[in-house]
Structures are given as structure tokens and as C-alpha cells.
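One structure, pasted below without further comment.
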Amino acid sequence: MIDPRPPAATHVKRRFTWSNIGLYATVVVLSIALLFPIYLIFLIAFVPDKYTLFSGRPPLIPPTLTLANLQTGLTLSTTPFIPSMLLSLEIAFMVGGIAIGLGIPTAYGLSRLRPTVAYGLTTILFVVNMLPSITIAIPITVPFIKAGLYGSPIAIALTQELLALPITTFLLVGAFQALPRDLESQARVDGANRMRALYGNLVPLVRPALVAAFLLSWMLSWDESTFALILYNPANPTLPVEIFLAFTGRGNPDIAVAFSFIATVPVIILTIFLQKYLKGEDLAVGVRG
Amino acid sequence: MTAKLEFERVSKRFGNRMVADDISFTVDQGEFFVILGPSGEGKSTLLRMIAGIEPVDAGTIRIDGRDVTDLAPHLRNVAMVFQNYALYPNMTVYQNIAFPLKMKFFSREEIEPKVRDVAKTLGITEILDRRVHQISGGQQQRVALARAIVRSPSIFLLDEPLSNLDARVRFGARAELKKIQRDLGQTFLFVTHDQKEAESLSDRTGVLHLGRFEQIGAFHEIYERPLSRWVGDFVGDFPMNFLPEASGDGELGFRTEWIEVGDGPYSAVVEVAERQGDVVSLLCRGPAGRRVFMTALQRPAVGETVHFRLRQSLHFAADGRLMDGGSLPSPPGPLSRGVP
Amino acid sequence: MDGARRNSEAPRHVRDFWHRHTDQLIALIFVAPALAYVGYFAFYPALDTIVLSFQTPIHPFTTFNYEYNVGSGLYTWIGNTLWLTAGALALQFGLALGIASILSRPFRGRSIFATIAILPIGIATVVAGFTFSQIFPGTGSGYANSILEFFGFGPYYWLNSTSGALAAVVIADSWKNTALVVIILVAGYASIPQSLYQAAAIDGAGPLRRFRYVTLPGLRSFIVIALLIRGAQEVNIFQMAYIMISSYPQLLTVQIYVLYETAGGLYLASAVASVLLGIVAVFIVLVLVIGGRR
């Protein structure tokens, strides 16, 4: 994602100047600081917990490695971990899917509206992102209970969608606005009604933004724990809620350890993947527009 | 399959600007009609209203007598070529041309011969498998045309399709376009701000200014006999020259061809002289400080004074209209310039 | 011209609102489902919360909940939350400016560093909370103290003081969320044309002044947007804080949760939730005002 157009000097000279050393030194220090917690996740997962969780002075370099933590955590948890993971997966895909499904028509509409109206509506979506999840979560349990959907995946997905939809719309509006203006008109004159023009001609051209939006929404859902907590079904919580409950005292901390590790690995892979799709320019369009 | 187009009192407003002000006119079957006017004054909007991608504020548009004003664009059976061709970037040339047929749910077997036929007519058979970004501007223009032709529409709409071409290519493309229209016998509606295109392509030209047609007719008629000062000034390689009329009532307008240099009651000082081909174009400062365009065979010096007389001229009233000029295509509305 | 004259004698057919603005209205229809969704799932519950906050099992309308919460220390909670927010924003923006600035030039390994910089976004908040509570635990242990000891400093009891605890949460939250600000600022950097820097350099501006006169103005709108997004999110911080510091020092969101989980605490929780909503509303108003000025 972070790939701004490099300035004039496109090749790097390996000169030993002070500023270069300073630059590299800063990069190294920052990288260490950024990677340290991730290192810890692996450390805590694979080092016996007397050296990590229960140690008075936990060492930074592990003396030994073990798989015992994972084994304990996965077998000991009161709710088995595969259903948790499947639930989290299911919800994440739902959130991603709804984000795209709802996001495409919304972004298309916004990109075709008059600027003042579009700006107003975008602001509304923007504002939604800023509302505290916990404020909304509490009263929202009621309609779900009434509909008999309390604790169901769809309930959690629908609430988490509030986080995913604004940023999805943002990305997609930028992508639609970048398309040549006359393409849609041409398709409609050529015989496509609006739906066919949108889904047949425009959407295929914004595929990178669609992928990025889906991945981002997926990751937001995978990570989300507030709505998942308030709306959770004790027999089947999502992964983050499992970790939360295990750690805040209701279970063996090894559970938290194991699940943390499992929850993190796919995300690291996805983030690396996502990096390729998001470019700085796409976001710049949305901000200025 | 070719159709007649009728505009009945069509109006459209953008903000507080009337881009179409109570316009009424007709384009006959098989006619090549050019809408000529300055940039940004509503020519494209007219086309877009005919295509159905721009809603109409008032009035009626008929194609072949049928009221299409509220009809969705994909049902109107018109073809449009945009200035930047709007070729579908993720498709090959073949798929681009086939697209309108696909929209009508033709089968692959039916589509193939039609596409190949059109490609052959336009000479683009070799590039059918290429992608849009791999072909030149001239080729792109032909693909856009092919896509329009392949579906046998009732009307062709072309929005400055030649302006993106290099100047050299443009001349040939123009001739080709005229030939295609003649061969097809279809109704063409062509928008441009370029005089030469209007002159060489049109059967009739409509000069559009501030949302109204100032004049409609054969190009040479408009050139020789503009019905308003504005048209005289706008139409032609050189604008019409104007001098205040002797008795003070309006102005005399005259074309560069109507000037006889040598002797005469008028004089002007040469400011700029430019050789263009085998004539020299002159910009001079004449009576009452008016600028006068002339042509000469030899190049006078800058600052030299030339004398000339007028073989003919037109008398324009103070409000800009041609005196004894007859009537205009659209009757005057509240916003017109009062031409009868 | 004959056709023209005949056509112009026809009656004038003015079209109705729907036909004149078809495009815009249809575009609105496309946006409508999202708006309905947002209205029902976000704005309606938010209003509901406010209504609930003025109710108790006995009275249909009363300010009892607010008074009770004030008695319990509402003002302290607000203070803590605001301090946390201010500290976090300061740290995140300082770091993000630096990182985004580094990423705006070419150097070997830039894309690797870019990946590293946004990696924290992917780590689940609870996982990060859990990990950072190992770095900053309540006891004198923890990895932060291991590092401090390595440099010869004594152990620090992070969670024993309000400032220590809040600092720990600020660091933890900033680790994860600086990346978001970095993404926005990188987009901002990309929008500043190189020619501006070149012109400034020719005019005699060194790196610091170029930063002040070219970079900062160019980044202004991006910084504002990022501040408002992150500001509101920071005020709403919940999981990270609850995992790391539980309910001391008290933050608004944590209190909401604690009250909600207590029997009969629904209305009290709603009151605190409404206060939180009020603070966020200030940010929202700022968005509208500043956005409108643009």
C-alpha cells in the first residue's frame, strides 16, 4: 500500500553521508520497535510460560522452546477452538461480502451525485465511523433479541459492518471517480441499462479497489471484539472474544496465548498481500474529493 | 433504418445558465448536420439529450416521429462517438465492436460476421485482437466508429470525434467520415467548434450560441450571408470585418474576399503580415480603429498603409441583426437577442 | 428552417421534477440502502441510548443517572479519557509524520519498511492488548522492565499510578494505530508535487524550512482528517484499555461496560454512553465545520 511515487532520484546512490546513516539508523530502530510486540506473540506462544507469563523478569531471548502452550490452550478451552475460528471466519467473510455488496451501489451513487449532496452523504457515513461501538452495542441487542437473532453470526456481522462500510465506500468512490467519465454513457447508449453498465463495464475496472476493500473489511471484522462481545453467544464466541475472556480471568491464559498466535498468522499474511493493492494515490483521491 | 430528428422547444438549464433555450429544429433523414459553436456553450449537451444521458427540462425530442424524451438511452437505438472515444479498456477491439450487439442479446454466431464486415469497411481487421491501449489514436477512432456502425442505429451522434487526432491525420479522417456517411446514407449529427470540419462535412450547419441556434443552413449560405453580427464574426477562417456605417446606423460587414486592395475610400495600417501558403494574411488597423483582415499576394511591410474598397457588404443594425435578413430558425424568446 | 418554424409553434412541455433530475434521483436510490442501514443500525441505537439515559425503572424522565455517575466520579473518567486521547494523538502524529516522511523518499528496503509499518494494523486489538499487558503488567515484572533493567534502570510499576497506566495504554494503542495515520499521511505526501520542493530548494530553503513551508501546508487537510478520525476512535478506546488496566484508572468506555454488566446498571451505563457520545459529537461538529470551510 505504501508506494508513493518516488521523487526525482529514482535510483539510490550508496553514499556514506551522515543523513543516509541517520535515515537507516532511524529505520532500524523503528522497525525493531514495531516488530517487537509481534516477536513477543511468537515468543509467548512457543516458550514455556514459566519464562513468559509467570516470570518475574521475563528474558528477551528464549532459553527453550516448546509446543506445550499451544497444546494446553487448544485442548483446555471450555469452548473448542475450531468452532470459534470458524465463526470468526464466517463473520469476517460475511462482513467483507456485505461491504462489497452494499458498497458498490453506494459508491456508484455517490460518485454520480452532485458534489454538495455527495459530500453531505459521505460525511454522514464518515460520522458513523466515529460513533462509539459500545454506545450502539447496548441498545442494539434489543431488536436482535426480538428477532431471535441474538448471538447469531448475522447479528454480529451486521453490527461490525458499521466499521467496514465507511472505509469501503471511501475506497470505492475514489476508484469510480478515477474512471473515464464517458465510459458509462457509452455503455448505456450502446444498449446497456444502468445495472448492466455498472456491473458489466464499471465494476470490472475497479477490481483492485474491490479486493482492497474486501480484505480491509475482512480484517476489521476478524479483529473486532466490542460488538462480538456484547452480542456474543456463550456457547460459541468469536476468536477475539475467546482471547478476551481467557485473559480477563475466566480461563487459562494459555488459551489466550494459543489463540493470539493463531489469530495473528493469517493476518500477517493478508497484510503483506494488502500492501500491494493499496496505493497512496487511491486514498488521496478520496480525501481531496 | 435511418431516421428524422425533431426538437420541439427543448430547454435545459445548468444552474443559472440556459444551455438550451427553447430550441426547435429538424434534421432530415440521411442528412449530415453539423452543430457548430464555441466551446462550452451547450453543443455536447444537445447531443447528450438526444442520446438520453442528459435529462431535458422542457420540450420534446422525437426520433422518426416517436417521442423519446423520457426513453432510457439503451432503448433509443442511437449510436454515439465521444471525443475521447470511450473504448472499453478491459476488452479487445473485437469485443468493443461486438458490445452493442451483445447488449441486444445476439448470439456469437450472429455477431461474428457483422463485426468482421464493419472491421473490413474501416480497415481495422488486423487489430481486432489487440487491446485498446495497444493501438494508435487514429485506429481508436475507427474502432469507435465501427462500434457505432455495427448496430445499424437510426441516428449517429458524434461529439468532436476528430479533435483528438493529429492535424495531419485529421484531414484524411474527415474525408473518410464523409464517405462513410454517404455510403451508409444515415443521419449524422456532428458537433464541432472547427470551421473547416463544418464546411467540408455538413449538408446543413446549425450555429449554436448561448443555447440558441443563431442560424441554420448550408455552410456557404451562413458564410456569405450571416443573419447576425455574431455569426459573421464567428464563422469563417477569418472573422467578418466590421466598420461603422457612414450614416451611423449600425455597421457594414464584409468578408476578406470582398475587399479589393489598391485604390479606394478606405485605408488601413498593416500590423501583422503572415505568409500562409501562396497568400499573405494581413491584420490591419482601419477606420475608427477597427481591425480588418485581408489577404494579399505580396507581403507589404508592417506599418505600411493600404487602401481598399468593398465589392460588396452587408448592413447590420445596431442590435446585431442583418437588415432585411429574413427570419431566424427559432423565434425570439425572452433571452434571445431580438432577431426577428 | 421550415421544420424549425413548425416545431416552435408547438406548446411548451415543461417536464416535472422527476424527469428533469432523473440522474440525480437514481443515484440517490443507489445510496439509499446504505443510508437506511446506517440509520437503523447506528443512528437509531445512538438516539435510543440517549433516551434510556434519562430513564430509570421508576421515572420516565429524570436526570438521576447523570447525577449518580457524577457522584461516582464521572468528571474523573472524562478527564482520564481526554488525557489519554491527547497523549495518544500527540504520540501517533509525531511518529506518523516521521515514518511517512521517511517513506516519501526512495531507499533500499523501503517496501519492507512499509510493510513493517502497517503490520500492526492487522494484529487483533485483543491480541495486542494481551501482549502489551505482558510488557506493562501490574507487577514489577514484564518485558518493559526487562528492557529497562538492561539499560540499568530500576523496575517501574506501570499500573500503580494513573499517569503510568495511561502511558502504558497510550503506547500500546499507538503501536497499533500509528499505522493508520501513516497511511493517510503517505497519501498526503504523494499529493505534494515534487516541483514544489525543488522550487523551494532553489529559493534557498533548507530541509527544515521546506518541511515547514511546503510539507506541512500540503499535509494540512490530511492531518485534519486523520486527527478527527483518530481522535474519535481514541475517545472510544475500549478493548485495549480494559485488557491492560481493567477499571483503574477509569475510562468512559470501560465504565460503560462495567455498569452494563452490573445488575440494574443499564440506565447508568446509558448515561455514561451518552456523555461519551457528546464528546464524540464535538469531534463530529469539528469535522462538519472544518470540512465546510474547505
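In this document, chain identifiers A, B and C correspond to the written order of the chains, with residue numbering beginning at 1 in each.
Everything below uses one rule, namely that a residue touches a chain if its C-beta (ideal position, glycine included) is under 8 Å from a C-beta of that chain, and two chains touch if they have at least 3 such contacts.
Everything numeric here is computed off the predicted structure, so don't read it as measured data.
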item	value
Interface ranked first by C-beta contact pairs	A-C
Relative to chain A, chain with the most remote C-alpha centre	B
Whole-Å gap separating chain B and chain C, where each centre is the average of the chain's CA atoms	54
Chain centre separation (chain A, chain B; CA means) in Å	54
Rounded Å distance, chain A centre to chain C centre (Cα mean)	15
Per-residue multi-chain contacts in chain B, two or more chains	none
Residues of chain C touching at least two other chains	23
In the complex with chain A, residue positions of chain B that touch it	48, 51-53, 72-74, 76, 78-80, 82-84, 86, 88-90, 99-100, 103-104, 147, 151, 157
Residues of chain C defined as touching chain A within the complex	23-24, 26-31, 33-35, 37-38, 41-43, 45-46, 48-49, 52, 98-99, 102-109, 111, 113-135, 139-143, 145-147, 149-150, 175, 182-184, 186-191, 194, 197-198, 221-222, 225, 228-229, 232-233, 235-236, 238-239, 242-243, 246, 253, 256-257, 260, 266, 269-270, 273-274, 276-277, 280, 283-284, 287-288, 291
Touching residues on chain B, where the partner in the complex is chain C	6-9, 22, 24-26, 28, 54-60, 69-70, 213, 216-217, 327, 329-331
Residue ranges of chain C in contact with chain B within the complex	1, 3-5, 7-8, 10-15, 19-23
Residues on chain A engaged by chain B in the complex (per definition of touch)	180, 182-183, 185-193, 196, 201, 204-205
